[in-house]
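In the two assemblies presented below, subunit A is common to both, partnered first by subunit B and then by subunit C.
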Partner chain A sequence: MYPSRFDYVKAASFAEASAALLQGGDGAKVLAGGQTLIPMMKLRLLRPELIVDLGGIDDARDIVVDDDVIEIGALARHADIGNEFRAQNLCPIISDCALGIADAQVRNMGTIGGSLAEADPCSCWPALLVALDAAVLIEGPGGTRALRVRDLLRDAYTPDLAAGELITRIAVERAALDGIGAFVAFKRAAPAYPTASVALQINYDGDRIAALRLGFGCLGLTPLAFDAASDMACGKTVTPALIADIAAAASAFVEPIDDAKGSETYKRSLAAGLVTRAFNVVEARRTGAPAGETHQYYG
Partner chain B sequence: MNAPFRRKEDNRLVRGRGRFVDDEGGRALHVRLVRSPYAHARIRSVDVSAAEASEGVICTLTGAEVATLTNRFMQIAPPPADQVIDYCMAPDRVRFQGEPVAAVVATSVALAVDAAEKVRVDYEPLPVVVDAVESLRNETLLHEQVGTNESWGSLFEWGEVDKAFADADTVVTIDRLKFHRFSSTPLETYGGVVTWEASGRIDMLCNLIQPGVAMKFMAPALSVSPEQLRVRTQDIGGGFGIKQNLYPYLMIAALCSRKAGHRPIKWIEDRREHLQGSAHGNERTFLDIKVALKADGEITAVSATHIDDCGAYPRYEPLGGVIWSQVAPASYRLRNLRINFRQAMTNKCPVGPNRGFSRMQNVWFLERVVDICAHEMGIAPDVMRQRNYIPEMPWTTPNGCVYDSGDYAAMLAMAKEMIGWDDWIAKRDAMRAEGRLVGIGIGTALDSGTNNFGQSTIVNPKSGLSGNSEAANVRVGVDGSLTVIVGSVPQGQSHETVAAQIVAKELGVPEDIVRVASGFDSERATHTSHSGTYASQFAVTSVGAIHGAVEKVRAELLTVAAMLLQKQRSELRTGVFGGVAGVGTADGGSHVSFADISNLINTKTAGLPAELEDITLNCRYVYRAPFQLPDPVRKYGNLTLTYAAQVHVGVIEIDPLTHNIHVLDYAAVDDCGRVMNHTIVKGQVIGAAAHGFGAALMENLRYDANGNLLTATFSDYCPITMLNMPNIRYGNRESPSPFTYNGAKGMGEGGGGPIFALSSALQDALAASGARLNQSHYSPSDLHAVMTGAPARGVAQVSATRQRPI
Partner chain C sequence: MSSRRAVRERLLGRRINTMAETMKIPVSITLNGSIVRADVEPRMLLVEFIREVAGQTGTHIGCDTSYCGACTVLVNGRPAKSCTLLAVQADGWSVNTVESLESGDTLNVLQQCFADKHALQCGFCTPGFLMAATGLLEQNPDPDDKAIRKGLGGNVCRCTGYLPIIEAVRSAAVVIKERRS
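This part shows the complex of A and B:
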């Protein structure tokens, strides 16, 4: 449980961090909370030669909510994001996601940008931000560029970032968050990665569904957005039959693998189950009924 | 006696002021082990040259060196498995993933870890066997010189089994049941600070939990006398039995110390090492089960083959091969039993005596038998139990064990009342009508304590161990305080609190003048060969020893006081006089303090009268449990002194969306005889239940076919936490043991309760579906497979059939 030796740089700005990363080459790794990196280093599954710590960049933790877009600094911590949205009683899908990540210790250190850049298909932020079709701002040696999260996360554990590039901000269009949403997950215990997670955001026109976004975590090599669900749902009211149809379609759509957390068949069943639960939570929120826990553990 | 009592230990433990192994050894060198990535391989070569050249490295040690420096460990098994060659480090062949093959000693842990990565080991992989049933086919041998993978096997037969089957109204057969592999999760892993001193003494500061037996393994292997080993412990962060298997690692550290010039060596196991290589609980498969029953559900005979899996090296096994028979008929009056018990070695981590050691597996087996038979006969599970529970106490089992006290039917009635059984039955049926999968289950657990080591002769007639004992010492200090030393090795069981409580109550003095110097020290504290904390025996052996030592001290105090006060001893008693602990007359008119008495004996000794010259005020007493040797041929005799019991009742619902098992309601009733401290007993009951919930719902040590442990980190093994725990309604009954001085029984191993109750409730929930459950652990994925009839991953469906006997 002791990492191999490494050099350490604490950057004061993204530009400084980017330069240090370029200089460090393949052996350099970014520390942006460290809740995955540090355990991996302690197990010596990762042996970076240089750690570039972003913890000194103080102006990248802000959360800005305006009429068109929500912007979150890449170094905002899970707990800060979750607590902010919960306090404002705004976008419960975001606070569900943030406050369901691992345990309190992890949420107090881990950052949204770190989670995205790690590109773990089981992590919660990637699943949510793919479902909401969010974008990231990237700063690097070639300047600044914007990228859809869906394009950032085209493969497991390998974000589409060039050498020296860093995610600096995350942007979600308010339009994607219209209506009511929920992020639900099922996991063995608080610190474990989910067996599966589901993000569901529904915009209503009266009783009818005007728009629907549905996405999955841990059910494929990348987070999956199930855009076809919108076509199935739009113009309809939420009925048990509609939920069952979308759940069945979701079950066929996902691409789970057989692993220690469950068989492929089981995970397809779980995908349908979590879609159903997500609909139930959203409906409960719409009617003001008690919604229950969004993150369920074994037992 | 049983008033709530603030734990003496808590002030230091809760504030982070305890002293654990890892807090010690400030100037020690550090050792890092190189462990095998293969489950079974020949070691072609080990090259330590690059490691030895690495920064900070003092020396290295290889398995080949160990084979020249030490003797192989003694084996408990008789021939042929006595020929198992087991060293503390593998010389030429590894047999489980994580087995140590080399050690690197350096000036810091980080440097030792760096250098250990430079050790080059050339392995030639061998075929792997991970399944015990397959292992017994002997197609791949782990220990060729043994000629079989069977570490031990024997037929246990009591009563008239054939007659019972011939007379049966019904015979139920069950093809297979499986108790899975899990372990405990002590917060503190294995550790030691070991110095092989130039004088020859080997000092081991460590967290062993049964030092006397471990010393018997280590001393012959090191070619030293057990008296040359100084084994000592301080605070221990949980043990649950499995820390017994620490001794091979202490030996590695000892050899490293000698090679490093007698410098102290510190070794602290990391969590991955712990999960992979410390000790696991016994896995057991039950085959060819036949049950003879009367028409009313009375079980008259059971026959089955039990195949236990002890991993790569037996170590403390095959003792488990007889330990289960402490509870051969579980809580039932069953008289006729035929169990073909076989234990197999496999390419997996060696097992250790994990909480509930070997009895839990057997009780689970019989609890499943009772539930499956009840189902086949159409009898409610509570009624089935009432018809089969042992009706009176004390009860001699078919194999000669004497259950001391308890009323299982009354415990079940209490648990049913606590949970609202009738209401839950109605609610369950109403929920089922809505399509919900709800089940109610019962688990009856037995926690046999204070074992008779004489049962080891049933495994091997040449075993040198029998009986059971513990030592305690009580001393009166010059300030009038009392210091208690006992051979137990507390790991969180509140021994300091209970020991102080016993002494204070016996002498009628306040608890705060009683100091308990806890921690084992084979050289400087009191102990016997059986000393330690295992097998639920503190409440009997340690408390018995403390009680005996207190009586001796009391006698001495009265003798001295009688002389000083010019009274008869019969006129005097100990207690508080004028606010000070002392000895005085009943009316308090004449008294002398403990401090004055102690100073007379220890400080102002000139002119001490001759009649006081034998007085020490430092009294040792050895408690010896009243055991005889069992008959090894009939496998008959009293194997344990006390039998605590638990009845658990649980209501579960299977979530159709996730296949998660939700506990809707749960009650646990415990009876451990006279309760010495209700707070501590309740804590042990809840803690053991947590262990059981974890085992039933979350914790499963899974290996792939190549012997790779798939659950080697906490994110894969997922030990239970508060967030997974249901609320537990706790109840207690007190059936004093007639065999202990104060009626108390050992307890704390009731972790089986939830495993039994949840297995039972799951079966009830799925009864209508026709799905049959045969495992002690179901993940949601496994449950989904059973419920959908999908080809399960390692989950075989049980088939139970009922027939008239031929």
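This part shows the complex of A and C:
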């Protein structure tokens, strides 16, 4: 299957890419890893007239971890991010998310920036980064601006980017990653988007919960952050009763729609199950017990 | 005037008067160690470049929709789906296909283990599995069954039921380790 005809330029910098995009007008699209864009072009769901390839921008794949913030270049690939955090034994919620995306082949090409810019409600990075209230850096004709991922992703498939604007970096504050976390998902197969995913990060004060972050993917038209869960949990220890309460509240909070992957009722019950699994994985990691699988496949 | 033509004219900085002319881009890809150069349409997929331009038909096209992994090749040493990449993206890259595994008429260890363990029946999926498994063993020379299953999660086989494939990769890992020590 061939995409329809288009012209092609390889940009050496984001500034060059932005200028080419503006010049190309409505028919122009940027290409990062191509793992969403190329399948859509092959199916002729998209027929761009000009492709601006970001693949030549070599300095946008870096991962910088310091005491205050984690910064990731927009062109960093899922596999590189996941392997880096796993090797450093740091922030398992990030490596769970990255290494649970699709399959090895797609992870080797797909980028974090492309995943955000696509604004697919079922993508994994958006669910994680909304839960952690991360920010993106955007470069465009008007200069550079920072934006919360929550504000970038206000609607499905339509990121808040103006003509010629590009995502260049992702920043997560370390404070949001204090404690222990897990990213869990329920999938039909590796090379498929999850039916639902849950990001959970708990900061403990001794045995008690000091702060909790909970986010959902594929359970609404945008990734959802359930901030009220933190109030339910703060000051308490993790007990089966608390997990059941938060799972029930999460199940009522999410906004799933009926589709081929399941009915609304099914997905609400799946949300509760995934929240429970996320708590179990986090608790296992905290106590050093063997943690179960973060990603489960069926079908 | 079509907007496509308008875009091209702005890009080229000159008027063009025929839609029949299609932009072609020179690409140079190191395929199985040899440089292959060609001028290609930007929409040419990497798998078509490998099969049609370079004439190496070991790499298969199965689903053509990014799901089955039959088209898996190594790009710069790592498995990727060549039906989901453009040849122009791969300009300057090193690409290895199933043709790179054997030397002369001799199968490599992984191929031999696939044969010994009956890890193929019709064989259509096999080039993709071999390349995905090559990438996996490169990254993790001692994978347990879970890691093998996860590493091959992007490949579909409709014949074998997968268990012989997992066994083949496991035994290849053992043989490779023995040879190294």
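Things to note:
One rule holds for everything that comes next: the second predicted complex is superposed on the first by the 298 of 299 C-alpha atoms of A that agree within 3 Å, B and C clash if a C-alpha of one lies under 4 Å from a C-alpha of the other, contacts with A are read in each partner's own complex, and residues count from 1 in each chain.
As a working rule, a residue touches a chain if its C-beta (ideal position, glycine included) is under 8 Å from a C-beta of that chain, and two chains touch if they have at least 3 such contacts.
Just so you know, these numbers come straight off a predicted model, no measurement behind them.
One of subunit B and subunit C touches more residues of subunit A, and that partner is C. Of the two partner chains placed by superposition, subunit B and subunit C are both touched by A:191.
In the superposition on chain A, A:38 makes contact with subunit C only, while subunit B stays out of contact range. By the touch criterion defined above, A:151 lies against neither subunit B nor subunit C after alignment on the C-alpha atoms of chain A. Of the two partner chains placed around the shared chain by superposition, subunit C is the only one that A:28 touches, whereas subunit B remains out of contact. By the touch criterion defined above, A:7 reaches subunit C but does not reach subunit B.
When the shared chain is aligned, subunit B comes close enough to touch A:273, but subunit C does not.
Legend: residue contacts after superposition of the two complexes on their common chain; A:58 is shown touching neither subunit B nor subunit C.
By the touch criterion defined above, A:296 lies against subunit B but remains apart from subunit C after alignment on the C-alpha atoms of chain A. In the superposed pair of complexes, A:160 makes contact with neither subunit B nor subunit C. The residues of subunit A shared by its contacts with subunit B and with subunit C are 1-2, 4-5, 43, 189-192, 297.
Across the interface of their complex, subunit B is touched by residues 1-2, 4-5, 43-44, 186, 188-193, 195, 258, 260-263, 265-267, 269-270, 272-274, 276-277, 296-299 of subunit A.
Of all the residues in subunit A, the ones that touch subunit C in their complex are 1-10, 23-28, 31, 34-35, 38-39, 41-43, 49-51, 53, 55, 79, 102-106, 108-109, 189-192, 297.
Partner subunit A is touched in their complex by these residues of subunit C: 3-4, 7-8, 10-11, 22-23, 25, 41-45, 48, 64-67, 69, 72, 75, 78-81, 83-86, 88-89, 91, 132, 135-136, 150-151, 153-155.
Interface residues of subunit B facing subunit A in the complex, by the touch rule stated above, are 109-110, 113-114, 117, 270-272, 655-663, 693, 697-698, 702, 710-711, 713-716, 718-721, 723-726, 779-781, 784-785, 788, 790, 793.
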